[in-house]
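So, here come the structures, one by one.
One chain, subunit A, links the two complexes that follow: it is found with subunit B in the first and with subunit C in the second.
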Partner chain A sequence: MNKKAVIFTIDAVLAIIIAGIMLSAAYFYISYEYGSGDGQQNLHKISLDVLSALEKDGALQNSVNTGSASSISTFLNALPLQICSNITIYDNSSRIKLSAQKQGCNITQPVFSRRVFVSGNFSAYYAEAKLDFS
Partner chain B sequence: MTKIIQKSKNGKKGILFTITTIVLLLSLYLLAEAFMERNKEFGSIMSNSVFGDKFKYIEDDVISGSYRDLLDIKFEGISRTSTFSINFDQFVLSPLRDYDSYIKSYETLVENKYSSLNNINVTLTGFNTSFILMPYNSTFEIHSKNLTVRTMPASTNYISSITAYIKVNGTFSCNDIACADQSDADNEACEAPGNDPAGNPAITITWEDTTGFTCLRSRNADPAEDNDKGNGRQFYVSLLNAGNAEVKYGQVDGINGVFRITAMDLQANATQLDLSYALINDRIIIKGGDLAIKSELGNTTKQMEIILYKE
Partner chain C sequence: MKNNLNKKNPFFHAKKDFFCKTQIFSLDFLVAVIAFAAILTASAVVWDYTAGKTDSTEKRNEIELAAMNVLSVLIETQGNPSNWSRLPVQNFNSSNVFSLGLAKNITHGLDFDGSWIIDREKLVYINSSAYNIAKNILGLAGYEFNLTLRTYNGTGFVSNYSVSGDLGNASNIARYTRYAMIDGKKAEISLKVAADE
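On to the complex of A and B.
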């Protein structure tokens, strides 16, 4: 009787272990590829959109022409609450010309994107966007 | 005997349950693995799509508005009636501007800093101060002192007329003094070459000075006739102050069918430049240089023409 109990117990434990391994493997496979990558990729697309909108709207050029980043700041502050953002404009020697950041948030793990544009004095600049989830 | 039969039945049930459980677990495992494989394929498609998106973005970024902003050109549009017309609203010639250097500076920024920051390799070929109008193959080229339109790369002349309105930052001279009125300005302030026979392209030039006086001349000009400076066949404006401006059409620098606006030591703004061509049914394309984008990671290259306008 004792022997039977031991065999049953070992059998049950083995069954539980095998089932556990199978289920763990299945869980691993199913959860594979679902990481933070999608979120970062979407954030990158948003950053491209932000720069395109700012250039086509003339805000980047106007900021360089006037020396004020207020129009960029207004745009960044109007972005959704979940998105923290910073735009920095560099001249063709990579010197910082202007910078604007959304109020009340910190950027810790940003995605980067850039856009070139020409100002009113025919000089070439590029804007760098840093976006992060707040 | 009954007990033995019962035990045998239980044993068979146990084996059946075990096999069923293993089959179910295996199914789950295989399903999960298949799901992962599909996800990987999807990820690969997404990755390629991201490259496509990135290339599209870079293309738009580098090309869109670059010629317009760097050369300060305003393109109004095209129209088709009995002829084809292309209309511009601005070409600025000024000694204070160096379009070649603006273009070079932009090209350097894009090919170096911008490329390395984006982990790609962008190459601009034939990116300069000129662009071409297809299918007529007319080349427009602007520099600080002149705008040249070469309309006859082939022997056929398609040009039927050219109309320009040019504002100069100077004061008209009427017999070496300021013009008394508009009539005086129109009579005295500008000159034109002699008229060639009808059927030759009609060239109409209107000059405007800083006081608002205008002077208009219109002539038929032979595209093969030598119309270079010095032979008195060019359109020009008389100014009181330093600097001069003139327009040539014909054989210039040994090439037929060249239209050239030249401004020396003054600013001239062609606020209207309309070129009319004999109709060709092909689609109109205005083309600049070429752009190549190579991804450093995926070893993918995309090459394209810089199309500034497509009908």
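On to the complex of A and C.
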């Protein structure tokens, strides 16, 4: 009788421990996923902002005309430290025309956004922004 | 003789069994009560912690969502009415202005092309004297906010304009940054929204 009771108690303790571990794991996983979603959403908005500002500023068109992405690189370097960014410009045959990357960081899990623009020679190009948290 | 009599008495065994079982039962019962009380106490503590944590997380999410959405509305829309910055200051209230947006009124036919181009006139209209009304129209009643604009000078961002409430005692602050254009220059717009816990 007593032995059975002990076995039952060990079973119950094990069950409680396993349930506790599973609940904790689920809680931390959900918390992490919830937080990261907001960050990615905001990063995507920033990528759209960067492309829009560069297009409205004329920096994308100037880069294509001059063949230099230095003004884009300078702007990317002025972005906050925690944001790593890359902008690549493609022509209408999807060939890479220019590329600019923020110095000193790697992009591993980027968010993408694209913007089409017309340069001075009336050709269509599109710019692709890749942003990631460094 | 007396012992023999007792042993023959059916109530003697019953009495003995009763007391033995009672003792074992009491020990089991005591262990069970202690275990139950421990689990109940632990559950109450965990419940209290989880409820507090959930409440705190919800408040944080609420304030972050408010900051993110308000900043989007400010940068991407011109407001309703779109010429709200032309209203006399005494008419600037939630009855006349339904939505605040800082984007310029640039419309080509049915297309609105003013997103990401900040209207300086609209920006400076939101100053310290219009702060409280602007806060209510933006849906930030109960919070305090700080709106800062920095312009790009070719190498970095320099302060250009700021309007702020009293964020001094706030324990919960959400900060979001977006990019746009103002006066033909690239600009960084930061919004801090603060609330007491």
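Basically, the second predicted complex is superposed on the first by the 100 of 134 C-alpha atoms of A that agree within 3 Å, B and C clash if a C-alpha of one lies under 4 Å from a C-alpha of the other, contacts with A are read in each partner's own complex, and residues count from 1 in each chain.
The definition used in the following text is that contacts are C-beta pairs under 8 Å (C-beta built on N, C-alpha and C of every residue); 3 or more make two chains touch, one makes a residue touch a chain.
These figures come from a predicted structure and were not determined experimentally.
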item: Contacts of A:Ile10 with subunit B and subunit C, given as first, second, both or neither; value: neither
item: Which of subunit B and subunit C A:Asn42 touches, first, second, both or neither; value: second
item: Partner chain(s) touched by A:Thr74 [first = subunit B, second = subunit C, both, neither]; value: second
item: First, second, both or neither for A:Ile30, with subunit B first and subunit C second; value: first
item: Partner chain(s) touched by A:Ile96 [first = subunit B, second = subunit C, both, neither]; value: neither
item: Subunit B versus subunit C as contact partner of A:Ala53, first or second or both or neither; value: second
item: Which of subunit B and subunit C A:Phe122 touches, first, second, both or neither; value: first
item: Winner by number of subunit A residues touched, once subunit B and subunit C are compared; value: B
item: Residues of subunit A that lie at the interface with subunit B and also at the interface with subunit C; value: 41, 45, 52, 56
item: For the subunit C and subunit A complex, residues of the former touching the latter; value: 28, 35, 39, 57, 61, 64, 68, 72, 75, 115-117, 152, 154-157, 176-181, 184-187
item: Of all residues in subunit B, those that touch subunit A in their complex; value: 18, 21-22, 25-26, 28-29, 31-33, 35-36, 39-40, 43, 50, 53, 57, 60-62, 64-66, 69-70, 72, 97, 99, 102, 105-106, 108-110, 113-114, 117-118
item: Sites on subunit A touched by subunit B in the complex; value: 15, 18-19, 22-23, 25-30, 32-33, 41, 45, 48, 52, 55-56, 61, 92, 94, 112, 114-118, 122-124, 126, 128
item: Of subunit A, residues touching subunit C in the complex; value: 5, 9, 16, 31, 34, 38, 41-42, 45-46, 49-50, 52-54, 56-57, 74-75, 78, 80
